[in-house]
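You will see two complexes here that share chain A, one where it goes with chain B and one where it goes with chain C.
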Partner chain A sequence: MTSSFYIAWRYLTFNKVRTATLIACVTLIAVVPLALEVLLAESERQLLSRAESTPLLLGARGSALDLVMNGLYFDDEVPELVSMAAVNAVEDSGLAMPIPLYVRFHARRLPIVGTTLDYFDFRGLAIARGRQLALLGEAVIGAGVADRLDITAGDTLLSSPETVFDLAGVYPLKMRVVGVLARSHTPDDLAVFVDVKTAWVVQGLVHGHQDLTRPKDPTVVIDRTEANVVASAKLVEYTEITAENVDSFHFHGDPDQYPLSAVIVVPEDDKSGTILRGRYLEGERLYQLVVPGTVIDGLLANIFRIKNVLDAVILVVGIATVLALTLVFALSVRLRQREIRTVFRIGGSRLTVARLVGAEIAIVLAASAILCAVVTLAVYQYSGDLVRALFVR
Partner chain B sequence: MIRIDSVDFAYPAAEFRLRVPAFHVAPGEKVAVIGPSGSGKTTLLNLVAGILVPQQGRVDCAGVAVSALSDRERRDFRISTIGFVFQDFELLDYLHVLDNILHPYRITGALRLTGQVRARAAELARQMGIGDKLRRRVDHLSQGEKQRVAICRALLPSPRIVLADEATGNLDPRNKGHILELLFGSVAAHDATLLAVTHDHELLPHFDRVVDFGDFRSAA
Partner chain C sequence: MGLRSWLTVFVAIVSLGWSLSSAGERLVVYAVNYPLQYFAQRIAGEFAEVVMPVPPDMDPAFWQPDAAIIGDFQRADLILLNGAGYAKWVSRVSLPRRKTVDTSAGFSERYIDTEGSQTHSHGREGDHSHAGTAFTTWLDFHQAVEQARAVRDALSRLAPERGDIFADNFLDLERDLLDLDTRLAAIVAREPDKPLIASHPVYQYLVRRYSLNLESVMWEPDAMPSETEWQALTELREGHPAVWMFWEDEPSAENRQRLLQLGVQSVVFDPCANRPQTSDFMSVMSNNIANLKRVFVQEIKN
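Let's turn to the complex of A and B:
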């Protein structure tokens, strides 16, 4: 039997391209479902662990999935917005601690998460380098952001305009990075955290500019009434918040109406959570209070329904590949008639030929299995990062 | 050693038919078979080796009624008794020289591949002038070198009967004599019998007997 494997090995190494193609086919057909299984299991684990560690999420009525994906995984799809009044309402109830979230803007394609310091305590996020947020215009970045953008505490980061065609839009804000979070292997690793007020500065709702009460250039003021001062385009707006200009930053309008994308609601206890959920079930409420775990369960149920279809497709493709490989081997036996005749003439039998072909198949399958195991192990090893990069963030 | 009686053989769906009323080769005898192309010389060797089985008649080799054996018995007989130098070498391109020489040992359980066998294969190859090419693939060899590999493979198990189909056909005149000398030497050393098909009339004086095979051929 060893000799059969030796001769088979010689044959396979002689026909390198054919052998490599066969091994690649078998490996692919085996590794795709396995890797998919590993990635789905990891995405399920990540999605569920994040969702289950978030008791309740408050947001505007609409898609609960959009709300959860944006609020927990910082998805780019921004749900209908709520106002700061929603935070105050939860706070006033005395039943839970609200943590505002404003996930709408980006800095170099990474989400800017406007929130409060409570968020870091709630998620158990620790500062690895630098310090925590203290002033307007400061940012704390996730470990993944630091790696990807090669920046650290002391560097600056520009917010990205929402649309490059919005000529009347606000200027990008130059944020000072004051801290880098320890790696958490969650979507927080790839987020830029700022105080929620800084997020409003990015939006232009809070802004700072030269003092219009005593303008150096009188032509800057077009009109002045008791309620309003109208400035011309000459007005210099600050694109960076510094110790010198921070006092000039101010709110326009009612801060209670300032927007948020979601509010994480941390109830005092189960009973408080149940009471709150009951309150937000009322039909006329503009808000919805969802249990992220339930929403993600629903999402996963859909994903696994799709996966079942995908499994069936992979099975069919797998059967087709096996049939194709069978054909390849059958044709190769036909093409190798001269060699088979030689084996017969020098004393081999049909069994000898079967053993040789069997050994070739066994080597191809073994090589594919090893390759498949290596790829699957690699996928398993990096599944966390892969899932964050491909699916969750 | 070889006895053929009243053999009648025809290939399926072919017009060729070989009739051999009687053909005998004594033990240790070196017999050359000559005849025009298509006269059935190669078919005769295949009948003796048990590769082909006659529809009628009887083929006895080394005291065994080859034509009466089962497929498996004929294979075992061929491995244990016959050394066959094929006209078209029957070498495998993907194996190197030494592996081709050792090929019969690798595909059958009847022959045991030992260190001694390997050493003998290397020595035989050296004697044939291809000792420095043991690790070279056969598709990189000249026709003459391939012929020598085929001869080494046939002689390695020290067979009692050596069948050679144009064994020196691809060799240059200078090497022809040397290889033939080795072939005869090996046959004599093992007290073997040699039945060789050849078109080369220069070689005929080296044989004990020459049989003109054209006489046996007839149309179906």
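Let's turn to the complex of A and C:
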């Protein structure tokens, strides 16, 4: 038996290209469904753990999935906006703690998350370097942002225009990075956190400029009445908030109407959560209060339906590959007629030939299995990062 | 050592441990002005350390904390805001919403908009109001009671086991505040139409609550007004013949003297926004009422 494996081994190592091709075929056909299984399990774990740790999410009526993907995973698709009045309504109910979220703008392609300090406590996010947000215009970045952009506390970060054609839009805001969060292995690692008021500065709703009642350059004023001053486009708004100009930053309009993309709602207890959900189911309300876990369950059900189709495809491809491999071995037996005749001449039987071919197949399968295990283990090892990079963010 | 001695030692150790743990559980409360600090300290007593970190020589309404002090606010168990736009710095910093209580939110619909505010617009597409809100809300002592009640509720939510103590302390404070209210109302009732002038527009809630006939100028106690401002005062008095001017703080001798030459006496009514050096909120308000008594019962002395 050992001699059969030795001869098979020598044969396979002599025909390196053919052997490598065979091993690659078998490995691929085995590793694809296994790796997919690992990645899907990790996606499910990540998506569900994030969703299940967020009791309720309030947003405008519309796609619940967009709302959850934006509010929890900072997806680029911005749902219909709600206003701060929605936050105040939840707070006034006394049933839950609202945490506003405004996830709409970006800084170097990474999401700017406007929120309040309660978010950090709620998610258990700790500052690893620097300090927590304190003043308007400051930012705290996730560990992944710090790595990717090679910035840390003390550096600055510029917000990006919403579109490249937004020539008449607001000026980018130069934000001071004051802290870096400890790595959490969640989408928070790849987010730029600012106070929600700073997000409104990015949008231009809160801004600062020279005092129009006493302008340094009188030509910026194009009309003045006792009650109102009209400034021209020449009036430059500050693009960085400093100790010198922070007092000039002011809110325009009713702060209750300032926009948000979502509100995390943390009920006092289960009963409070149920009462709140009931309230948002009533009548023609403009808002929806969703349970992120349920929404993500629905998403995962769809993903697993797709996975079933994918499994069927892989099964068909697998059968085809097995048939092809059988053909390869059958043809190789025909091509090796001279070798087989030599085996017979030196006293070998048909069983010997079968043992030789069996040993070759066993070695190829064993090599493929080892390779498959290594790749699957590697995928498993890095599944968290892979999923965050490929699917979740 | 007998059983009684052991028992005594055991009780002493338990008492010491209990008192140490009680001391360790003191709430840390940060307030944006002195009235709120005073209310919180009266209500919480020994169970809270109430901090108002504004330096004594600054007006808390216009003070700007640095990042370190904002960090102290963030770490507190409770942050007491006055509301009504008081302390504009609050809108430009990050504070945890969960710990923050706007003590005047309960009567926000009764806020007084300040006059003379100017709006501005960026281009022709619509203007934006920068109208202000009168913020010395506690000068209406009924509103002060409501603010104190908000403080009590917030403290009770944080330490429900001490809710009864907070409720009792609040009742004492309420009694004192309502006593001020009664005394003030009784004094003003003697001559409700008496024309008065305030050196600064900070008495809006006092005026509304006690129906004072008071007009304001914009003077500072320690700065000599310009001739234009003196002229404006003269013009104001033509239609509003006041012989008393309220000041937030003791006016300079020059101001007092020149006003006397015009037939106007000076009297201090301290809003007590910052911590008094030697007394407390109640003493300052009692002094204010005593000063007001002079205004309403005495004739002008030239």
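Here is the rule we go by: the second predicted complex is superposed on the first by the 389 of 393 C-alpha atoms of A that agree within 3 Å, B and C clash if a C-alpha of one lies under 4 Å from a C-alpha of the other, contacts with A are read in each partner's own complex, and residues count from 1 in each chain.
The criterion applied here is as follows: a residue touches a chain if its C-beta (ideal position, glycine included) is under 8 Å from a C-beta of that chain, and two chains touch if they have at least 3 such contacts.
Values in this document were obtained by computation on a predicted structure and should not be read as measured data.
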Which chain, chain B or chain C, ends up touching more residues of chain A in the combined arrangement? C
For A:342, using the defined touch cut-off, is the partner it touches chain B, chain C, both, or neither? Pick first, second, both or neither. first
Would you sort A:352 into first (chain B), second (chain C), both or neither based on which partner it touches? first
Partner chain(s) touched by A:117 [first = chain B, second = chain C, both, neither]: second
Touching A:197, do we find chain B (first), chain C (second), both, or neither? second
Going by the contact rule set out at the top, does A:132 touch chain B (first), chain C (second), both, or neither? second
Between chain B (first) and chain C (second), which does A:3 come into contact with in this model arrangement: first, second, both, or neither? first
In the overlaid three-chain picture, which partner chain does A:247 touch, first (chain B) or second (chain C), both, or neither? second
Could you list which residues of chain A make contact with chain B in one structure and with chain C in the other? none
Chain A-facing residues of chain B, complex: 49, 51, 71-72, 75-76, 78-79, 84, 86, 90-95, 99, 103-108, 110, 113, 137, 153
Touching chain A in the complex, chain C uses residues 64, 67, 70-71, 74, 88, 91-98, 118-124, 127-128, 130
Flag every residue of chain A that touches chain B in the complex, lowest number first. 3-4, 6-7, 10-11, 13-15, 339, 341-349, 352, 356
Chain C-facing residues of chain A, complex: 91, 97-99, 116-118, 121, 131-136, 138, 178, 195, 197, 212-213, 226-233, 235, 246-247, 249-253
